[in-house]
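Labels for the chains are A, B, C and D, by order of writing; each one numbers its residues from 1.
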């Protein structure tokens, strides 16, 4: 942490700041410039110290130079985290594709889509049973029933499953049925939910808040890691900007940035990231070219007549299959392997972090 | 709802769209332009219909012209909502000031601050017992103990109390001790929390998500209202923009806009809205000039040595007192009454919505 | 300027950085932390040095602690700048109101509006002769003819005049007819225009770019000041955010922030800042309460039938007059004087900077 | 254009609106809903009509359904524009790479870099002679001398050249020396500059304003096209968001969006779009995967010691060469051809628009 004083601060005032700092048990190192004096803090400072200093009259600015997250940072864990679930590896050089409908609607619907995801080479089946909705009068998902339908379809077709959990009290039931739990963009800073997910070992795909900085995103992941669950994937799903033509602005630079700041796998969501079907394919390809460890893509057999609100951004099955073929070539260019159509190992191996 | 077709759509395709619309039980009204055809939908359309139509190939755009919230809208409730709590009126022509520390620290701290809030003319004591924090290693509040300290101080000094509730399971305990429950900016779309708050009658101050549109904000309020709790206040607390000098950009136009779209009281938070002590006073005055129904302001007797992270934006007691004097004059210019230093009525009258 | 190294940088590498810094003629001061080393630079560093250092592999961050603007900063000029034009003072404790139509349309139109601005107590007549337009097919203003019409109306009714100049080659003709030249939001970083305005003495009202930071805004002012023209006013006119209900988000905190960073007068534009007539009045009042040195407000006798595109945000004359009455009271609360209805002194006194 | 009335507007008021519309020479078509009435306007409406209607009291909203740009739109020109310059084709299935330093520094520097751009397979040499700078005290480029150095280097090594023009009065001299003129992000709405560029035939690379919507961007292009110059390329170079880790947020969805709305070639600038060398390579690959028609990339032989401010985002020559090899593979996946290392045809063929 560095403290920058206002111009013309007297020596007395500087000593006052130094004493304030040293009372908290860390060292202060004074460096006098022509204009301003800079005081470096040496040692592990209390997070509240920064705020105290910032509110002092003679202080112009306080700059934190250490990151506030630790377990999520690559400094702490230099190698890529690879999460292995029933033989499917997520992270490192592996490319994983998660596909499926916005919401589970019926056993037939999810079974047919699972079959198509598997046939195209996807490894994970996505589908929502509980849906977060801006307004209270929109379709909110079919609930636990949907979880069982999806679990069955995943098992039958040899796919892992991922579903969204919205509140701490549903963590257990969701974890019973799904292989991966998703935290939605609106819940990225639902700290009680994050803390609850830290107490289990089920892998979590944490979506970036639509206005979250990289720093806030990694701090949210830190909540889960600090609780004891090392199986976290980060998901870029578009941020909110002034542009309204697309639903969100997919921030693809987030992929290499997060991979350099953190060891966790980074997944891209071009469906929510754009909100328009015709943009999913180019942005999926761009995500892989930018180095994503995986994709989560909406696909539906009859998007125009689906019961949920996101048909407009769902691929048709043939688009999904064609896309995965192209991704294989791009993946190779950037040193990733996309193992399509391989059977996941039969037996459950437990989560493993490499 | 209005559907706009792409240029050169054939008559057959238009009939297809019309049939699709009419199958859902509403009427379609076709209007052919030189370029595009416009199809108006007459009747109460299903929210999913918009998305279905949007995903059809021959459709260029779908525009909703009715609002998705109802109970929160002024169309539905033309008169201002005035929430009366133990004799204090919030909403309509009344100006209310809520003051107090970021976090409750000790019985002495909160008692002394309550005394000063009261002396200056404030009507409500604010203070956090549970604190939402970006990172897991920051101070998270002192919990239930803090609630009792604050309740006692409020009672002693004749002030209402407001505190933040972060998760559905804490709603009951917070409502037991506090007069108003606050939903923080990060929880504006924590739908399970909102639904839970809809089941009680304790007034709720709902903070705008730092990247929420007015429409999303009012839809979040609608969750609480639709559950059966009519006592909702909206709070503008700054939005996230590209500017980093201030912590947030306080959007004061939100005050008249929300007041025209909705009947609910609108409170402004110049402390979090700027994140800098020296800006609290001008922005508090500006909020009242813009027509706010109230303010929530951080005040601390020793902000530079508080245990919490927000000292930097807390007013000193004398600044707080001087500010309230000026607000009284400005309030009169905009037709508001600020009843400072009046004793709230002794007896609890139950929440009343006018 | 402060350089922060990456963790685990060797002593050799630190010496390399130090030598690089000292070769440019400034001193380096090394301070070793537990994690990272911080190198302070003492003396006036070349702006390019920051970028060089930032691109070195062993450097994590470079933080500038001196401001890049000088003449615009309050450090350099502690007292408020007061610009006196023909007896009207802009800046310091004076509140000035500029009113008029978006565009000059005819001699009758501008004469009648000038009369009403004067009667209401305004001091400056605004009106566009050259209009910047998003698309090439919109009305672009009536040109030089409009300048003469406005100059005449201003002279007749004892008002100063302000008009927008869009390109360096029109600076002379605009300065011939108008008392104040306005630089529009899209031209805030039209550096050739700024440089040209630095060569004259006519006061300039510089509008903030709709996505400009405070720092960029003050650097733009610095271009004009550095050229030798000290008569610059800053104008907050709304920034672009994700919210689309209002045309822009008027950032009122900019008023006290800019006044603390700079000595230049700060004017607020609630008309463009909101884009909606019903919001102009509350935001005008809020601007004055926040400490603005002046307002620029659109007013039109027949806004719904004006030839230009901004009728929707123009006040009617009676609204304008009523607003100015209220502003007088609010101005007093914040220590400003609004001299309505005073005759400006007859004789031109030349620009004076106090 | 569609007009939506407020709820409960009387039949009389609706007729008033209809008459207002029909007086301007277009037709009105009324459609009564349960809540609101919708009035469609049939025929080519005056742009000012929308604003007039919007300001009427009984009108809630006015929605434009035709685009305000015409020549730039794909509706008007369904086939891709391919600009041919001295045998190099830009647009359609061709991938073009423009490389070079931020600023021209010396004949030796630009000659050596040109050699390396050519050797790696690039087709265009970039380099700035006039530099736009936030503050007046930064390096502003070496001017006309730089143009001649770059023109010579381009000619010697068989590369086209591109340079930025900042003001109308420099258009002629820049066009004399360079093959392509670049309009920078801060000048996207410098309408006098755009108009001037419309009067020549030299191809223009128009950079997106850092906060410009797609609609504003295409309207800016329309200024050039409407003036008579059909040789316009659009360049996505990053937008301003709340994220500060990267200099800008490169909006890659802009590539397919602009290609669907317009027929003009779309170029991506991953150097300014990220502001960090380590992100240029992944974002360049992602740009091509997203379908870009070309890239403009900063490359420098000694970026850490360059005289200009952008060394931090310049690739080293070997990185640049390796990148172009990978781009060739990705280009094939998305149906683009990258003709590396081909000699451009000797003779100048004049701009051709296909």
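The rule is short, and it goes like this: a contact is a pair of C-beta atoms (placed from the backbone, for glycine too) under 8 Å apart; a residue touches a chain by one contact, two chains touch by 3 or more.
Just so it is clear, the model here is predicted, and its values are computed rather than measured.
Chain C and chain D touch with mostly matching residues; of the residue numbers seen at this interface, over half occur in both copies.
When chain centres are defined as mean Cα coordinates, D lies farthest from chain B. Chain geometry summary: the mean Cα position of chain B and that of chain C are 32 Å apart.
Each chain gets one centre point, the mean of its Cα atoms, and the points for chain A and chain B are 28 Å apart. For chain D, residues touching at least two other chains, in rising order: 211, 215, 240-242, 244. Interface residues of chain B facing chain A in the complex, by the touch rule stated above, are 47-48, 51-52, 54-56, 68-69, 132-139, 166-169, 186-187, 189-192, 195, 210-211, 215-216, 219-220, 222-223, 226, 240, 277, 303-312, 314. By the touch criterion given at the top, residues 211, 213-215, 239, 241-246, 249-253, 255-257, 260, 273-274, 278-279, 282-283, 285-291, 326, 329-330, 333-334 of chain C touch chain B in their complex. Against chain A, in their complex, chain C makes its touches with residues 2, 4, 7, 29, 31-36, 38, 40-44, 60-61, 63, 65-66, 75, 240-242, 244.
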